[in-house]
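Here chain A shows up in two complexes: once beside chain B, once beside chain C.
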Partner chain A sequence: MKAKIIWLQGVTCNGNSHSFLNLPSLASLLQQFEFLYHPLFPSPLQLMDLHTADFDILVVEGGLKQGWKKGDKDLYELFFHLAQKAKKIVAVGSCAVFGGVFKEFDPTITGVLFDKTKKSKLYEHFFNKTVNIPGCPAHPEWIAFAIENDSFSLDEYHRPKEIFAFTVHSGCTRNEYFEWKVDAKSFGTKEGCLFYEQGCQAPFTHGSCNRILWNEINSKTRSGTPCFGCTEPTFPKTGLFHTKTYMGIPANMPLGVPKRAYLTITGIAKSFQIPRLTRKLIDEN
Partner chain B sequence: MRIELLEKIEGEAFLKFQKDKKIITDVKVIFPHYRGIEEILRGRNPWDALVINPRICGICGHAHLQATAMVLESIFQITITQKAQKIREITRFCEIIQNHIKWFYLVIFHELGILYDFTKVHHLIITINKLLALFSGQWPHSSYCVIGGVTCDPTSFEIYQAKTLIRQIKDQFIQLIGELHDPLNLTNDLQKLYHTLQEKELLLVGKSHDRFITFSQDSHVSNIKLLHGQKRKTKLTLIEENEQKRSYAKNVTYNGKYYETGPLARLMQQTDPFIRYFHRRFKDSITTRIIARIYEVSLLIEKIIDHLATIDLSQPSVVESKMQDGTAIISIEAARGSLIHQATIHQGKIETYNIITPTQWNLSNGTSQNPSVIQKAIIGTSDEKIANLIFRSFDICSVCTTH
Partner chain C sequence: MAKINKEDRKKQIMDTALKLFSKEGFFEVTMADIAKELHMSVGNLYNYFNSKDALAKELILYISKHLAEEIRKINMMQITSKEKIRKIVDFYFHTAKERPEFIEYFLRIYLSNREVFKHGCEGMICVSPFVTEIMVFFEEGVRNGELRNQDFFSAFGLFMGYLGGMVFLMGEGLLPNDIEFYSQEISENIYRSLKNES
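Take a look at the complex of A and B:
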């Protein structure tokens, strides 16, 4: 018997549904699991039938909000009803985990277990069966992992450490530039690190974007875009393409690194000039 | 009156049908949700819009990203390089292609009960998004277009990878849909579609005003409207947007009239014999509308091949920009038609931001004297399943409409 899944959408942009559709091994996942309802691909149930369905796993995409219409029901009530029945809940995307981007407009929107960094009203009800997969959107392989696995070591935000103990900085192709403190001169270059000027949040963001590549080929930072910290409860911050500094020192240190250690290493690295890292990788002429 | 829920349209909408005996005499579309994007943007640094706006929509967020970059570039009076222009078109065309393929199979084939090879279709979608991400870092929700250009800086190795991927995409597409040279000789899945519409006597349903509009200018389209077969240039300043009671979507008209936007509108402004053939026979029925959307994929694949062959990598990816205050309005083609972004920057902050999405054009609520595109297409139908199919032939996007 295949395990049965309901994929419920709250206040969302559908980004996680589309991200999940990028899963290379989707066909093999569908041999083990049956989606009774998914917002994109063909599934046997209609929204109106969900509250009477028998199923195993509830996947939630999008924030929760009272008074948000979901078919003929209220989203919050429908979620609560389904969540009580579910054997496992997978909250997918930063909206379902922390409240996410639309919370910036409506502060009453929350995630399943968390309201930004605070525990939500639902925490006590569902913490022992919920796995959180934040990201805006969540990576398809992370979602599949949460659906297919049953034991995880979870961090304080119920994120599997197997994915979120790493920082997004780990695996970036610009690591050499970070080490030697060579900053990107502008956007649109292969050379340089985006930490100091372009707002890259990867050194203090939990996630595996540079280890488990996006669309099997790339990542934000590899393609020159700073990491915006979308797996964290603080997403979206303001001034997203800009690194906040105090007296020339980045306001946020790399995860777990004491400021004094960072400054010492930076001072030493900057005292050397590494020609290979300050030149263009491919000469213009 | 009957209210029905229309789901799996990138969200949901309610349809209010009026009927006289069995015939539908009126329909109103109610979008029940609102997520406040335009409010979220107010007061923010303009650059932040490049991260917020893709989140309007999970399937066409890339078009929203590019629209954002364009409207800000227009205010800051920046012209991007030809290289950045080409890379942006490549990735945007990829987004349009994957959208059309998803819609053709997951929506239209599903609705008509036609069987298809999910694994092959899925593989095609993944390959397209991979090509997109090769430049944009990821899909969905990249922010690789910034004010002044693109953040990526490809070498000829990435161009080589992209060429390999687009060849695979072209082969896979032809294997599924068939060669699209001769409208009289359809093969593979397109032939299946045509035969099914024929058998179910649906070839001629869903005709609307036969009026088309596009506002954008790129290597694929121009800003042109077609009214009674006459082509005219369109101006963004002549668009009117009106609030509606009970629905969060606003109505939009051009010079007081409702127009269809989208792939059919884009292709009707060209003299492409393939689409002209279907239009001559079936006018703007669902047949022509569906075929236009899937046929557009083949044209966009050729555009991508062309761009990859002519891109000049020695140009900069980004040109420097300086913020200044001002207002601008721009249009860009998203999968579903012309997408319009308008912004005012005051003292370095976003003062107002306004978005008009393609679905608003096609799914406005008009009056009995002046019915909207969808109303005209549906009124007179007696079967709700057919009404449903007509709705879906426009490829509706609820999340975009209710940004």
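Take a look at the complex of A and C:
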């Protein structure tokens, strides 16, 4: 028998649903799981039927806000009721995990377990069965991973380590430029590092965007856009496209790298001019 | 007589070479001069350093590490950036007085004979320990709001250029007073030019 899923939407832009619908293996996933309810595609139940539904996995997309209604339903109450019944809760997207973008407009919006970095009021109720898959949107493969698996090693924000122990920097095709401190001067090029001059947050953002590619072919950094750090509780930050520095030294070190070690290594790297990397490799004229 | 170990002997060679270079000039002093001063054979000296250039690079690294260690101790202190500036200035002038060859070598040989340091000491590699500590000092001062956020080299040049200039004047015998006489005023000047006024 197929495991049954209810996909509930809180305050959201639908981005995670759209991401999920791009899952290349969606057909195979639907052989194992049945969506009793999903607001965007045909499903046997409607919002008004969910209270009495018998199901296994609750997927939550969007932030939660007490008193917020969808149709006639108080979404927060409905979530609480379903969350108690669910065997597993999967919070998808940064809004469901940390509060996300909508929280910028309404600070009372929270994620399921977290309100930015703080534990939410719901934490004690559901921490032992909730898996968090942040991202704006969450990667479809990550969502599928959380739906299909039951045993996880989780980090402090309940993110599966299989996906989030790495940084987005890991697997970045521009690592050679990062190592030698050769920066890209504009967006959209395939050459140069996006860290210093374009504000890339990949060295301290947990995620697998460069290990599990989007649409199986690309990532932000591969296409020439800096990582925005969307899997972290600090998202969304203002002042994108700019790496904050103190006297030219990045305010945030690459994850786990001591300041002195970073300064020593970058000082040495900058001492060398690597002509192969400093000149254009493609479109040389 | 107790046998001196290799590391101590190496240090002895470097200290002697430093003194000779700063007194006579880098190009005037030969490996034979250094060996003679140490009462050792030239062949034996080459067991420690296989060329004068190799010795030159080791020396700048040796000085850089020594300066870095002291500045690191200052960086680790729970005091304001203003107080750290005073301590760095004091330490730098004290070194210039007690071990003038350290600073002289840096100013007159390392900075003035870049061709000697072209290979193996590219850019700031051989002074990296020292520059790293100065970076840490600046970064922490800006982070805690005490110093103004600006381009690193503008601040670095102001700080080290000022100190280097004073040591240079001292070396030329042009300072009317002992160099440490100026510590207070110079620390104040450096702080005023670096502090965050917003």
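Note that in this section the second predicted complex is superposed on the first by the 282 of 285 C-alpha atoms of A that agree within 3 Å, B and C clash if a C-alpha of one lies under 4 Å from a C-alpha of the other, contacts with A are read in each partner's own complex, and residues count from 1 in each chain.
Methods note: a contact is a pair of C-beta atoms (placed from the backbone, for glycine too) under 8 Å apart; a residue touches a chain by one contact, two chains touch by 3 or more.
Source: prediction; values computed, not measured.
Room for both chain B and chain C is found when the two structures are superposed via chain A, with no clash between them.
In the superposed model, A:Phe145 lies in contact with neither chain B nor chain C.
Look at A:Gly71: by the touch rule set out above, it reaches chain B but stays clear of chain C.
Applying the stated contact rule after C-alpha superposition, one finds that A:Ile217 touches chain B and leaves chain C untouched.
Ranked by how many residues of chain A each touches, chain B and chain C are led by B. Applying the stated contact rule after C-alpha superposition, one finds that A:Phe102 touches chain B and leaves chain C untouched. When the shared chain is aligned, chain C comes close enough to touch A:Ala251, but chain B does not.
In the superposition on chain A, contact of A:Phe41 is made with chain B only, not with chain C. Contacts of A:His242 after superposition on the shared chain: chain B is touched, whereas chain C is not. Once the two complexes are overlaid on the shared chain, A:Phe20 sits clear of chain B and of chain C alike.
Annotation: superposed on chain A, chain B and chain C show a minimal Cα-Cα gap of 19 Å. Residues of chain A that lie in the contact sets of both chain B and chain C are absent, per the superposition on chain A.
Every residue of chain A that touches chain C in the complex is listed here, in rising order: 245-249, 251, 259-260, 263-264, 267-268, 270-272. Against chain A, in their complex, chain C makes its touches with residues 122-125, 128-129, 131-132, 135-136, 138-139, 141-143, 147, 149-153, 155.
Contacts from chain B toward chain A in the complex involve residues 5, 7-8, 10-12, 32-33, 35-37, 39-40, 44-45, 47-48, 50-52, 55-59, 61, 84, 102, 106, 110, 118-119, 122, 125-126, 129-130, 132-144, 146, 148-153, 155, 161, 314, 316-318, 320, 399. Chain A makes touch with chain B in their complex at residues 9, 11-19, 21-22, 24, 26-27, 39-42, 46-48, 68-72, 101-102, 104-106, 136-137, 186-190, 209, 214-225, 228, 236, 238-242, 282, 284.
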